[in-house]
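Some structures to go through are shown next.
There are two complexes below, and they share chain A, which is joined by chain B in the first and by chain C in the second.
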Partner chain A sequence: MSESAIELENVSLTFPRRKSLVKLVLGLFQKQENEFTALDRINLVIKQGEIIGVIGTNGCGKSTLLRIISGIYPPDQGHCKVNGNISLLAGLGTGFSGHQTGRENAILYGSILGYSEEKIVTKLPEIISFSELEEFIDEPIRTYSAGMKARLGLAVASAIQPEILLIDEVLGVGDPTFKEKSTNRIMEMVQEAGTVVIVSHSFGMLSKICDRIVLMEKGKIIQEGDPSKVIQTYYNRAKKINKEVVE
Partner chain B sequence: MWAPISNVKALFGNIFLVRNLVRREVRGKYRNTILGYAWTVIEPTLLSVVYWFLFIMLAGNPDENYAVWVLIGVIVWTCFGKSLMSSVTSLSGNTRMIHLVFFPRIIFPATAVLANIVIAIMSSLVIIPIIIAYGFPFEIHLILIPTSILISGFMGMGLGIMFAPLNCIQKDVEHLFRFIVRAGFFVSPIMWTYEMALERGVYGDLVLWNPMVVPITMARHGLVGKWPDMPVDSIIYSICMAILFWIIGSIIFHKYEREAVKHL
Partner chain C sequence: MNALPYSIFKVVQGLSYPRNSEILVLGNWETKDWSCSQTVVTQLSISTEIVILSMREDNYNHIIERFRHIDYKFHIVVHGHSEEEIQTYFQELNPIIIKSRESYIGIIVHPFGEKSFLVDKIDSGSSIDIDDQGFFLPNFKRENWTQKSDKVTLKTEVMDVDFYVPENFSIKHTSSDLLWTIEHVLLSPWDDRYNLPWVPTRRPGNMPGLSFSGGIDSTAAMCLMPSNSLLFYLERNFESMIQHENAKRFLSALNSEGRKTVSIQSNHERIRTFHGKNPGFSTDYACMAHLLLVADFYDLDAAATGMPLENTYFFHGSRVRDFAKSNFWKKYAPMFSYLGIPIYQPVAGCSEIVNNTIVNEHNYSDLATSCLRSKVAGETCNSCWKCFRKNTFNGQSWNMSQEISKFLSKRPLKQGIATLYALQLIHKKGLKIPEESEDLIPLMEKNLEFMNNYWEPSLELLPTKYRKTTEEKLSKSIQKMKLDLYAVDEEITGLLRGIAL
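What follows is the complex of A and B.
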């Protein structure tokens, strides 16, 4: 199994900047920056079975990287090759409909995530028991608290075992007891999935489970390699930037 | 594969998802209301009462079935207008979902339009008491009513998805279309009928250029128990327009949606 699971070759992605009418007219006379570079010539090969962490300050392109891998955005330049089925764990519960019951929403959310009908029907009892929402499952979801919704979302999203798992900052949802349970569940998924890419700010957890960490800054990969070393670099650079700001 | 066909395939390939999304739209709309689904009937009925009053004030004594004609016009036109608007906003209005999951994006406009069609067909149940009250024949021709709803929804979707990618870039498109739906209300036979236009001579031919004249008139003719009593070529023209909109819309949507969602 030395085959690579994800190959990013020279991947660039720019986002257009939104402009007002005034700016559009001004643009005729003066030079303006039209684009924002979210990813700048990214090269990254992830082998099958590897667990990779991605760190960096807010807005450095971590989530965009996951979206490229999951096929939400096509790259402007370069190639992104993926071997295996992917699941992106992010924004749990997107698409929930407040007027429908928990059960209906579990089915709805499952279908949004791409489950087949049989699969969701067979997994439903497991989903309900994991979410610990048995007594509320036939209530409309608008009566749920935010934590309850997140629990249901995680229960559904974690019911599949993808070959490649992408996680975007969803560790630990719900109250403290459920938080532990949800973290454990994600860890279980991480163990079961062949390949994992995790975007997170919990460095302690990352250094424990990751084989490699990638540090990003302004859409570029600054460093990749041994977790503790890369995290050290992150802190060093953050200090340097802070100093510059202070001075 | 050719976009107009691959889009249809994508819908059938994700039929479970489509069903769930349509259910969400339809359920979501009338929950939390005492009258629930009855609103699908109440809304067009109240509207046609208002237009009926308006018409009496403006034109005096109308045809005795005038209120019924307006009601049918309102139902079919609302299906078209809402399908058009929800297709135009299908990408820009689903930003959060687009950023998180990947399935063929034609599903967004398609489910919104299917939900509108379902709601319009529920609205059209209002014709049952009307048939009884006015003594219209209860015949096979009634099938023209759901057919015309389907055509108008389909036409709205085709036209709408042509502009859905553009609306991600500039929301002005949405406002323009809101105006078009409002203006279209008056140039389509909702407050008037095809027969009224015929009485005005040249207008009878002129209005047939509007592809929505055929579906609305078809539904009205279905109610009185006859097949559409209009020139055959204008019926063919109208259906061809709906198909043409779908073809052009599909191609544009397919080509530009991936680039357009970057603007969201």
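What follows is the complex of A and C.
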């Protein structure tokens, strides 16, 4: 068995730019960029058992990186190798169907996450109990609040313990009373998972649990290493950027 | 609005000094105490450095959430009435809870926040007693200051420094911060104790004061300040070449105009003589020692001087510098701002030539006398370095003396750029340039017209409260420089320093 859980070698990914009507017209007269680089020659090796944090300003490529690792996006260039089954906790509840019940959506969402219907059905009592939706599980999901949807999403996504856990800013979902429960659940998963990659803005949590932090900027990794040092770099760069904006 | 608890004020000063921090105050408090030292904002942003909360408000969850977010970096100061309530709500952020005379205060230091006096104390695990005067000012010894009738004495290692203070003044009611700052401006060149960390925590007063000498520069400063500004004259109380007759005549005229002036005698200019120098100011701001002493008594909120362009943006009168970025300004400006008496230099962007124009326009030219040598009020010696410049600017004659000759031959040339302007005036009259300055003849045709205008960036250094007044008064008679000061010909500044390029 390889020692590394995840290996990214020279991974790049570009997206086409969306264009407004004005830009389309302007494009007739002037040259415009048709795509932007979301990830730019990323090289990263994550060992088994490591907990890695990913930080950076909005739009720097953090979430895209997780989606490449989870296999949602294939890279345009380079290779991404993963050793172990993966679960991505991101955008909990995305893809729920409004007219179907909570129970039906749990099975549907499980399949989106890559779990078999059989496996999800056996986990349903646990999912319903954790999400505290016993009374509402057979109601159409359009009647749910945002908090209820997030609870169901987390319950499904966390029902099966993966070997590699990818977390994208989903700590503390739901209403205030559920927040603590959801955070605890994710932290349990972190402790049980072999390898964790976590995108978060919570510097306290990151410096507490991560072995290493990766700082991204404009699709590139600009620093990786000791959590305190990398977070300090993030603050220093943010200060410089703010200063430039003010000046 | 409630009065801001002094304990909260002190904690914030301790968390910030010497920076100007952006503070969000989430409590129903009057915040004018921070008008000199901090920037108070109404909304949390990524540039907020300190958030002050009252346990009476119900907004701490939102703040705790932001505190944890990596894009924010602020310390939290919580005001509460019991240790338990602060502990209950902020437990997971590990607050340091201190008891002050007024209340309990929780301090939550951001692990990646800026270091400061108070953060260092917290990190080192020292006990924190903000009610103890020595906490923020650890090296001050009040017993060195005594008062007997109208004589206040500072005991120093080399001499007793005396000040003769106005009636009813009491040293007991004078802030220790002010007394320490006086010691700083008088003794710091020879005593490293004044470089040790401390935090000024005096609250600002209500009125500006000017260290007034009766010369051209401080008179111009007076003209650019609010009319209720108090003028503080320092009178040497020991035998020296300096005569006070002209200044006293001017003060008396100002009093009859209704202006309030205060004369304080002192011998502090003798300190330097114990260190091998002639009598004079120990540091540039020693000229404010007497004003600082009575700043609480007169409720001052700004300390003004007549420091002109030749000493600010022209280093030693001959090398252009960004005064705001000079070590001198960076050292003193925060100290005085935190002292609640920010430095107010109305003529920092004005040359001696501009100041002369301002004084003439305000009809003080007969009274404002830079000459400190004449023993007869209303007369000038016409042979000192000050008379040489003032008389030349005004097209009047002067007599060559040993003093003028000595200064004209010195490089860097004293008050370099203004002296060059004076030499150009002599040259334009068709008169011979004194031989001591013949090396400057190549500069006689250089355009120094910008010296008749003011340098606008200097206005940014004025205390916010008085900026508009000064700008309005200044722009009534003087125009902004069109030339970029930093683009002044290197040939000029080089020769003034004695370097031919």
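In this text, the second predicted complex is superposed on the first by the 230 of 247 C-alpha atoms of A that agree within 3 Å, B and C clash if a C-alpha of one lies under 4 Å from a C-alpha of the other, contacts with A are read in each partner's own complex, and residues count from 1 in each chain.
Convention: a residue touches a chain if its C-beta (ideal position, glycine included) is under 8 Å from a C-beta of that chain, and two chains touch if they have at least 3 such contacts.
Since the model is a prediction, treat every value here as computed from it, not as a measurement.
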Check your understanding: After superposition on the shared chain, which partner residues are touched by A:Asn85: those of chain B (first), chain C (second), both, or neither?
Key -> neither
Point to revise | Touch count on chain A, higher of chain B and chain C | key: B
Point to revise | Partner chain in contact with A:Tyr73 - chain B first, chain C second, else both or neither | key: first
Review point. Is A:Ser202 contacted by the first partner chain B, the second partner chain C, both or neither?
Key: second
Exercise for review: Identify the partner contact of A:Ser97: answer first if only chain B is touched, second if only chain C is, both if each is, neither if none is.
Suggested key: first
Exercise for review: Once the structures are superposed on A, label A:Thr122 by its partner contacts, choosing first (chain B), second (chain C), both or neither.
Suggested key: neither
Practice item. Pick one for A:Asn184: touches chain B only (first), chain C only (second), both, or neither. Key: neither
Review point. In their complex, what parts of chain B are in touch with chain A?
Key: 16-17, 20-21, 23-24, 27-28, 31-32, 96-103, 169, 258, 261-263
Point to revise | Residue ranges of chain A touching chain C (in the complex, touch as defined) | key: 55, 57, 176, 200-207, 228, 231-232, 234-235, 238, 242
**Study point:** chain A - residues contacting chain B, complex
**Key:** 15-16, 18, 67, 70-74, 88, 90-91, 94-95, 97-100, 104, 107-108, 111-114, 116-117, 140
Revision key, fill the gap. Residue positions on chain C within touch of chain A in the complex are 46-47, 61, 68-71, 73, 111-112
